[in-house]
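Down below are the structures I want you to see.
One chain, chain A, links the two complexes that follow: it is found with chain B in the first and with chain C in the second.
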Partner chain A sequence: MLRYALKRLGLGIIIVSVAMMMLFAMVYVIPGDPASVALGPRATQEMVESLRARMGLDQPIWIQFARFYMSAFRGDLGTEVLSGRPVLTVVLEQLPFTLTLIAGAISWSVLLGIPLGCIAAVKRGGFVDRVIGVLSVAVIAVPSFVIAIYSLLIFAVALQWLPAIGAGEPGNVISQLRHLILPSLAVGLGWVGYIARIVRASMLETLEASHIRTARAFGLTDRRITYSYALRIAVLPTITLLGVGIGHMLSSSVFAEIVFARPGIGKLVYEAISVRNYPIVTGAVLVTTVFFVVVNVIADIVIGALDPRVRASFD
Partner chain B sequence: MLRLAKIWRIVRRIVREPLGALGLGLVVLVVLSALFADVLASYPPTKLSPADRFAPASFQHLLGTDHIGRDLFSRVLYGGRIALSIALGATGASLVIGIMLGLIAGYGPRWLDNILLLVFDALKSFPTVILALTLVTITGPSLMSVVLVVVLVSVPGYARIIRTQTLVLKSAEHVMAARSMGAGSARILTVHILPNVIGPILILASMDIPVVVAIEAGLSFLGMGVRPPTPSWGSILNDGFANIRDSYWIVVAGGLPIILTTLGFTFLGETLRDLFDPRLKGRV
Partner chain C sequence: MTVLDIRDLSVDFATESGALQALRKVSMSVPENRIVGVVGESGCGKSTLINAILGLLADNGEVTSGEILFEGTHDLTTLAGTAMRDLRGQKIATVFQDPMGALNPVLSVGRQMRDIQYRSNLSRREKDARSIEMLRKVRIPDAEQRLVQFPHEFSGGMKQRIAIAMALMMEPSLLIADEPTTALDATLEVTIIELLKELQQQIGCSVLFISHHLGVIAELCDEMIVMYAGEVVESGTTRDVFHNARHPYTRKLLACDPARLTHRARRLPTIPGTLPDLRNRPEGCVFQARCELADATCSRMPPDEEIAPGHLARCWHTEASVMIGAGA
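This part shows the complex of A and B:
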């Protein structure tokens, strides 16, 4: 088990390093000089030169590359161009808002998706199963930002049931929760569909397994078999799915944060781009990528702990 | 003639499934309305008429007008051209690159395979939209940036599947036979492996079309995709979002075609997949 965990962790670290290499290549090798981009078209040559020197862009490329790596591993992602604050601090300030949003989205998807998938599996082939199937595909297909805008239009603007903008008053949990409902639904709705489908599929598979047949032969009730024996195994794939899903949810949360004017990583990046605040953009990409890889490593280790077959297949 | 008969048989099988019929209907609707946009639209998509700004839906303007008086119905029709041509172009480009990299990874030396796998994993570990925003900051908003984003996002998926199948086929009997008769790598890859791996990937690519439509619309909604005044469903949403409280019909006009297109292609793709490749069923 430990060997598996360490291997998985090692692979995670390698992936992050390669991702950093690509990010570096994108930012520094593709034409377009970060310093002149940051200062805008009206900057004088001297201003550009001095910023280039301050950002270390006048050094040879391999020195820049080594510096980028070394400082990133020390947690130093550079300083913001305008205010001079450390990028890492700025990004970490916004991270909790995005994480809350994603936690809300996961709650929606698990609380709705697992029961729906379960019902579909129990009523397989029936009308209810078909309806759940079509709805799952539909919510997966429609992009989350359209769901965000339409739910804002319906529930906040037309019906005025829920607030339209912001993350709620600081310290007021009720207000924060009310502000969380619509954005997290927009991010999570598609995942309700994914989870319902995967739970249905793995439930059907599990119900055929020999230990379930044995349980049935021993005369246990269908209810007992479905909900306490089969479901326990059938929800396992959702962990892997959610691990991958976090990356997509990070993407959707960019839209949700912009549509609902919520603070968070997505909004930070979006605003940084419009004022060409370069270090913030790369810093945020790096933090979210590391976060995503870490979540996946954890998901894989959890799955490996629960299911020895996964551990074996990794060798 | 034979081909036509074959296509007709496939269409009949699709239409027999309710979901397939709905999907095919929506796709045909979207494709036709984009193809005949210039016939169907009653106004040029970029024609301003400030006197008619913020007009709700009426017989003159079927979907209303936007903040500078452009006819939304016409903009939606022309936006379909943009959405579909980007979807086709970008998916095609990703397929070509993905297939080539997948074949190389599967058939080439072990070390190259390992490097490519790492690159795919690393690319997949960037959150799509944030990666897209970063790229667009560097390259500037344009059609090409949208295509580039789509290629970067979808190539790893295609390449991985092609790689796995190539690995299996590498030691298949017919490939061995060809090699023992002196066929070179290029011939083996194109004649003996590619035809066997291309089927499932085409179905998967057709299922990715809604994703590409969503990426284009999403980037244009953020003002990072197609540049104004070119009509795009995403930029209509952007125009409408600024005025959502008073003129709801603008966001409705921008969102509906996105919903119909993504649903149509997804329903059609799911039906195709279930009909032709049951092995892919349950892949999410």
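This part shows the complex of A and C:
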């Protein structure tokens, strides 16, 4: 198990390095000089030159690249040009808001999607199965920003059940949770549908397996067979799907954060892009990439813990 | 006493192109402490028979007539879900064909063996001790250490032995063995057969042994039935059926057994023709289309002709059939 985990971790580090390389290249080829954009049209040539030197933009590309790697490795993602604050601090300030948003979205999708998928599989072909099927496809098809806007209009504006904007008072968990419900639903609702579909399909496949027949022949209860013997196998694809889906959730959290005026990485990146604040963009994207990779390493390790065959294939 | 007594059992499956009669008026019995073999080619209804006994017919399957009496009292065709489940694993245990897939791949062997003892009041430790005892009985070395291992860490033969250990753990009165050796190679087959026989005598249970391997049936079984297209065409003691088969199908089946060939053949013998379409069963004898003795009488349902006490053949021509396969 340890060997398996270490292998997954090593793979994760390689992925982050490659992502960093692409990130660097992407920023480098974007047209427009960040220094002159930052200083505005009335800046003198000397001011631009001096800022370029401060940002390291006057160095040859390979030195810029090496510096980027070295400092990122030390946890130094540069300083934000205007305020002078370290980029990492700015990004990490926003990260918890996005993390809770995504954790909320995952909770919705797992807590609703897995039971719905199980019920649909157990009642396959019946009325309940069909209703769940139609609803799943419907929520998959609706873009998350549409759900964000409509849930805002219905639950916050019309019914006034839940707060419309912000992330809640600092330190007040109840208020923060109430502020989390609508944005996380907007990000996670489509995933409820996805997971219900995937769980239903893999559950049906698993229930056909001969070891399930063995379990029945030994008189185990239907409940135990479905929720312990079959579900343990049927959730495995869901974990992989969620690991990959984190990337998708991160991009829909941009919309959710803007619509609900929530702080978070998405909003930070959105605002940084509009003013070409590149250090923030690269910093935020890098932190997000590391987060994405870490989540996937965790997903792989969880699968390894649940499925001994996966562990064995790595030994 | 008869452990299992099946009378006139018919099972239909609803399909898109009409009802498929998988079993027609199947009668057979498994006496106490005996091993009864069921032989027949693929698609003859062996698996349907097992599933009907276990109450595990697919959703589209239905018992249309007959009864399955277990230990003389319970009719398994009418038993409610929970009552049926209480018999499964406890009184009727099953070893399935495919040892590779028969165990849950993500749960340890020990956990699965513990789970099937869920009805007993033993502590967790006592249940594990019982599992270890059973694993030793089926000669799994280092049983204690292996309890924490997962199915993929065992070989096919070992998995089948674990399946047997699990099946016999509750000391059932009936063990159903559904081609338990088909997926194993020949040497393993012999050990598994010997193990089964030994444990059967130890526990004193009856066995319903399904196989299409005639040699295994001859070796292991006291009595046997021959199935064709969902019907029992011949039944009797293994000795009677092997030495004095009277149904044309049985005779041809025996003639096809490669083990019986006395000289090297360029082509293995076969039975010409194919199984009839079970959605449109022929009137009368089910084997008539492939039978060289078939005549006008065969379009009526043949009786279960008694050849000797306990030896039945469902055929109009039990006298003439002795000629079939004689020259092979």
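As a working rule, the second predicted complex is superposed on the first by the 298 of 315 C-alpha atoms of A that agree within 3 Å, B and C clash if a C-alpha of one lies under 4 Å from a C-alpha of the other, contacts with A are read in each partner's own complex, and residues count from 1 in each chain.
The working rule: contacts are C-beta pairs under 8 Å (C-beta built on N, C-alpha and C of every residue); 3 or more make two chains touch, one makes a residue touch a chain.
Not measured: the values here are computed from a predicted model.
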Chain C versus chain B on the shared chain A, clash or fit after superposition: fit
Which superposed partner A:Arg309 touches (first chain B, second chain C, both, neither): second
Touching partner for A:Ala66 - first (chain B), second (chain C), both, neither: neither
Partner chain(s) touched by A:Thr289 [first = chain B, second = chain C, both, neither]: first
Contacts of A:Ile198 with chain B and chain C, given as first, second, both or neither: first
Touching partner for A:Arg224 - first (chain B), second (chain C), both, neither: second
Chain B versus chain C as contact partner of A:Leu177, first or second or both or neither: neither
Touched partner set for A:Ile140, first chain B, second chain C, both or neither: first
Touched partner set for A:Gly247, first chain B, second chain C, both or neither: first
Where chain B and chain C come nearest after superposition, their Cα distance in Å: 18
Shared chain A contacts, counted only where both chain B and chain C touch the same residue: none
In the complex, chain A residues that touch chain B: 14-16, 18-19, 21-23, 26-27, 30, 32, 37, 134, 137-138, 140-143, 145-146, 149-150, 152-153, 157-158, 194, 197-198, 201, 241, 247-248, 250-252, 254-255, 258-259, 265-266, 269-270, 273, 276, 278, 281-282, 284-285, 288-289, 292-293, 296
Chain B - residues contacting chain A, complex: 19, 118-119, 121-131, 133-139, 210, 214, 217-218, 221-222, 224, 237, 241, 244-245, 248, 251-252, 255, 258-259, 262-263, 265-267, 270, 282, 284
Residue ranges of chain A touching chain C (in the complex, touch as defined): 209-211, 213-221, 224, 229, 232-233, 306-309, 312
Residues of chain C defined as touching chain A within the complex: 54, 56, 85-90, 93-94, 96, 98, 101-108, 115-116, 118-119, 150, 152-153, 163, 166
